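Here chain A shows up in two complexes: once beside chain B, once beside chain C.
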Partner chain A sequence: MSWIAGTVVIWLAAWALNVRVAATGWARTGAGRLFVPLLFGATILVVWEGLVRGLGVAPVILPAPSAIAAKVATSLPVLWVDFAQTFLKGALPGFVIGCGAAVLTAIAIDRSPFLQRGLLPVGNFVAALPIVGLAPILVMWFGFDWQSKAAVVVVMVFFPVLVNMVAGLQASERMQRDLMATWGASYWQALVKLRLPAAMPFLFNGLKIASTLALIGAIVAEFFGSPVYGMGFRISTEVGRLGLDMVWAEIAVAALAGSAFYGLIALIERWVTFWHPSQRH
Partner chain B sequence: MSRVLPVLTVLAGIVVVWYLGAVWLNSTWVYDQAERAGTTVTLAEVIPQTMAQERPLLPPPHQVAAELWKGVAGQAVTSKRSLVYHGFVTFKGTMMGFALGIVLGVALAMSIVRFRVMDMSVMPWAIISQTIPIVALAPMILVVANQVGVQDRDVPKAIIAAYLSFFPVLVSMVKGLRSPDQMQLDLLRTYGANEVQTFVKLRLPASMPYFFASLKVAIAASLIGTIVGELPTGAIEGLGARMLIGSQFGEPLIMWAALFAAAILAGMLILAVGAVERFARARMGVPA
Partner chain C sequence: MKDTTNLGGDQAVIEAKGLNLVFQTADGPVHALKDVNLTVNRGEFVSFIGPSGCGKTTFLRAIAALETPTGGTLTVNGMTPDAARQARAYGYVFQAAGLYPWRTIAGNIKLPLEIMGFSRDEQDSRVARVLDLVELAGFGKKYPWQLSGGMQQRASIARALAFDADILLMDEPFGALDEIVRDRLNEEVLKLWARTGKTIGFVTHSIPEAVYLSTKIVVMSPRPGRITDVIDSPLPKERPLDIRDSRAFIEIAHRVREGLRAGHSDE
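After this line comes the complex of A and B, so read on.
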């Protein structure tokens, strides 16, 4: 009972503090912006821990954060092998190949308005399709190892990036293109100096969407067959054994990897498209 | 007309590439068979044989279409082999998740727009939540729902679908509810409107274009979530389960038919959302 009471008290206190802080001017500074969400996240962890202990929730239903942290600490080598297999070998090469192919395709079809008008609706539609369904087929084609995971990722990221990049290449204004023409710029000069930079905000939009899709694709593909390591493999087998603390440990790794990947792309975006209004603070 | 022709050309191109790919991928099997039988085959003999294999690596379009037709029209709708039946199971899960996602997304957006502390503390975590691959959580949600005593298979699927679909709604609604400019807000203040009235008469109508734009993304995400929710832990019903069955029993035609059924379902759902949007816009008096 004391666990629950303590949890509620801490939760109310943290909430009150957050309300207080959010109303002050300090909340508008960099540190304040970081403090409020961090306190919120920490409170959730505390409430989770307190409720699991206070209510005596069985570990096979919901392990406490401390138990998950302990599991992470003791199984670092396993987690690293899984991470390397799924993220470094599956998601990352697939992401690079898929996005690269999409950008090149977008540039190739950019010269033909006919192809663009045909490909954009189709691409938009395909981008909305449940492409994860291709995973079993690609696993059948490319085998159980990382090649099939990378292939699933390539297919998943291709269309969102393609659609965004095609839109981006049309983003430069008539006036700007005319200016390039008056300077006697060739097609390639105009492409490299004007239209590619103008397309960058759109491209990074697509890359951000693709970054989360890449991890999803790599993990789903492992449900259909994988070597005896990998995050998707570990999750599905540990769920079968009710080793939920290990599952949560993998989820924590996936969450960290996903957030870090997304954050990295956002950082590169800020560096590349520093001129764009959305990046000015 | 200027839109239809390019799209048809691209689609025709895809079909041609598909047939070429089918010949290329399936010919290996034909050559193997011929070698085992001790005979040689010419290319002219190979091509027809790549078109009608029982377990092709890449089934040509007409085989997929035939399997799809068999699954949709060739069975009683209640049969376990009917794609209509499995499609309906997936559709049910999708709609439950979609509804849950909308409610969650709109409710969160309302409180985020109203309370500064919610904006500061919840919004960053909502963004982070989407970088967590949901598929990592999916098998666990299924198991936990089972242990807590939820027997209905639709519930965990709906939770997964809602997790994916609430985010686009949340982001768009926050933008939409904040879209009225200061002038309009000031006008309502001069009318003496209270907060609820301002919300109902200004913020809510102003957010509708954003809302409907997000619905199209959300329903596609919800369908993906439902299919992912059907994949692991041996679900027995739904299009995702059909894909898994096709994969496990080595029946590529079942996989392809289920994949196209899912694609058709996605297309119908997006069209339906578009129709609802046009209806709502017409009722609100917005020119189309």
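After this line comes the complex of A and C, so read on.
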């Protein structure tokens, strides 16, 4: 009972503290903006820990954060191997290839109305295929190792980036395009100096969506055949052995990697599209 | 001025003969220009004035090869408009500044120079010169959104001047600005014209602006878009702002107003 009482006290105290901090000017400075969400996250972990202990929740249903942290600490080598296999070899190359192909296809589609009518529906069709149906087929084609996972990721990220990039290439204003014409600019000059820069806000929207899809795709694809390592492989086998603490450890790694990947892209976006109204400060 | 020394007098720069332009729209054909005949000589300042829909902007865009006439002939520097466009015969200033927000003011002015393949040193010296010309020296490193509307429009004029084309086409360049800023920019445009000797085509819907600036005023009327009057201005080349109170100025303004009214009466 003391665990629950303590949890409630800490929760209320942290709540009160956060309300106070948020009301001060300090919350709007650099450190303050980091402190408020960090305190919120820490509070959730404490409440989680307290409730699991106080209510005696079975580890199979929900392990305590401390148990997950302990598992992470003892299985670092395994987690690293899994991470390298799934994220570095599966998700990342798939993301790069898929997004690169989508950008090139978007440029081709934009250049030719014929392709616009032909390729966009095909892209749409592929995006509509369920990943649980597609992944086993791609595993058959490309083997158990990371190549098939990268292929699944390529299929998953291609369409959102394509659609955004096609819209982005049409985002420049008519007047801006007319200006290019009055200077006698060639198609490629207009593309590089006007239409690609104007498309960047759209492209980064697509890339941010694709960044989360890439990790999901690489993990889920491992459910349908993989070597004896990888985040998806570990999750599916540990669930079978009721090793839920390991499953949660993998989830923690995935959450961390996914957030960092997304954050990195958002950072590059800020640097590239500093001129866009949504990024001006 | 420059025109007589360089190319010997009244040389036609823009020539339209029986020009027609019909847009096909969902509601049927729209006759934007009908039987337009006009000759613009080197060094002239020509204003096109008329109510909206009279084809003044369409005519300017046709000169710039941004629209394609459906009948008649149109030559710019003795070439087709498209050849003149490829030869970078003119600078075009639009209603809005249309600066690229990811480039600084200097970067925007440099853009046409990059496209036309000027050397880097040449680019820098030209940017500095035209920034001076439009009184924006010191603002080269700013981004467009950090400047006022009037300054942005001046930057867009600098951009059109940077590659030193003989013809400057301006489509209601000051339409979105308040009257005080507009007066100042009008004075600056006149100075610029006197200094450079360029041929300028200027679209406006302000009678005082047209009379104040032009050596030739083309009055147009809508449905179908056509020229109803061409007025050669007797005003001297040197024009202080208070010339607008002079008798000659008021007489020309009156004639323009009559021309505009005549265009409307036959509807």
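FYI, the second predicted complex is superposed on the first by the 261 of 281 C-alpha atoms of A that agree within 3 Å, B and C clash if a C-alpha of one lies under 4 Å from a C-alpha of the other, contacts with A are read in each partner's own complex, and residues count from 1 in each chain.
Assume a contact is a pair of C-beta atoms (placed from the backbone, for glycine too) under 8 Å apart; a residue touches a chain by one contact, two chains touch by 3 or more.
Treat the numbers as computed from the prediction; the structure is a model and nothing was measured.
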- prompt: Just chain B (first), just chain C (second), both, or neither: which does A:G41 touch?
  reply: first
Task: Scan A:G143 for contacts with chain B and chain C and give back first, second, both or neither.
output: neither
- request: Considering only touches as defined above, state whether A:S259 meets chain B (first), chain C (second), both or neither.
  value: first
Query: Is A:T182 contacted by the first partner chain B, the second partner chain C, both or neither?
result: second
Task: Decide which partner touches more residues of chain A, taking chain B and chain C as the two options.
output: B
Which superposed partner A:R117 touches (first chain B, second chain C, both, neither): first
Query: Which of the two partners, first being chain B and second being chain C, lies in contact with A:T212: first, second, both, or neither?
result: first
Task: State which residues of chain A lie in both footprints, the one left by chain B and the one left by chain C.
output: none
Field: Touching residues on chain A, where the partner in the complex is chain C
entry: 173, 175-176, 178-185, 189, 193-194, 197, 273-277, 280
- line: Within the complex, chain A is touched by chain C residues 64-66, 85-88, 90-92, 94-96, 98, 100-102, 111-112, 114-116, 143, 145, 163
- prompt: Which chain A residues qualify as touching chain B in the complex?
  reply: 18-19, 21-23, 27, 33, 36-37, 39-41, 58, 60-62, 114-119, 121-122, 125, 128-130, 132-134, 136-137, 139-141, 211-212, 215-216, 219-220, 223-225, 231-232, 235-236, 239-240, 242, 244, 247-248, 250-251, 254-255, 258-259, 261-262
Query: Hey, which residues of chain B end up touching chain A in the complex?
result: 2-3, 5-11, 14, 25, 57, 116-117, 120-125, 128, 130-137, 139-140, 142-144, 147-148, 216-217, 220, 223-224, 227-228, 231-233, 239-240, 243-244, 246-247, 250, 252, 255-256, 258-259, 262-263, 266-267, 270
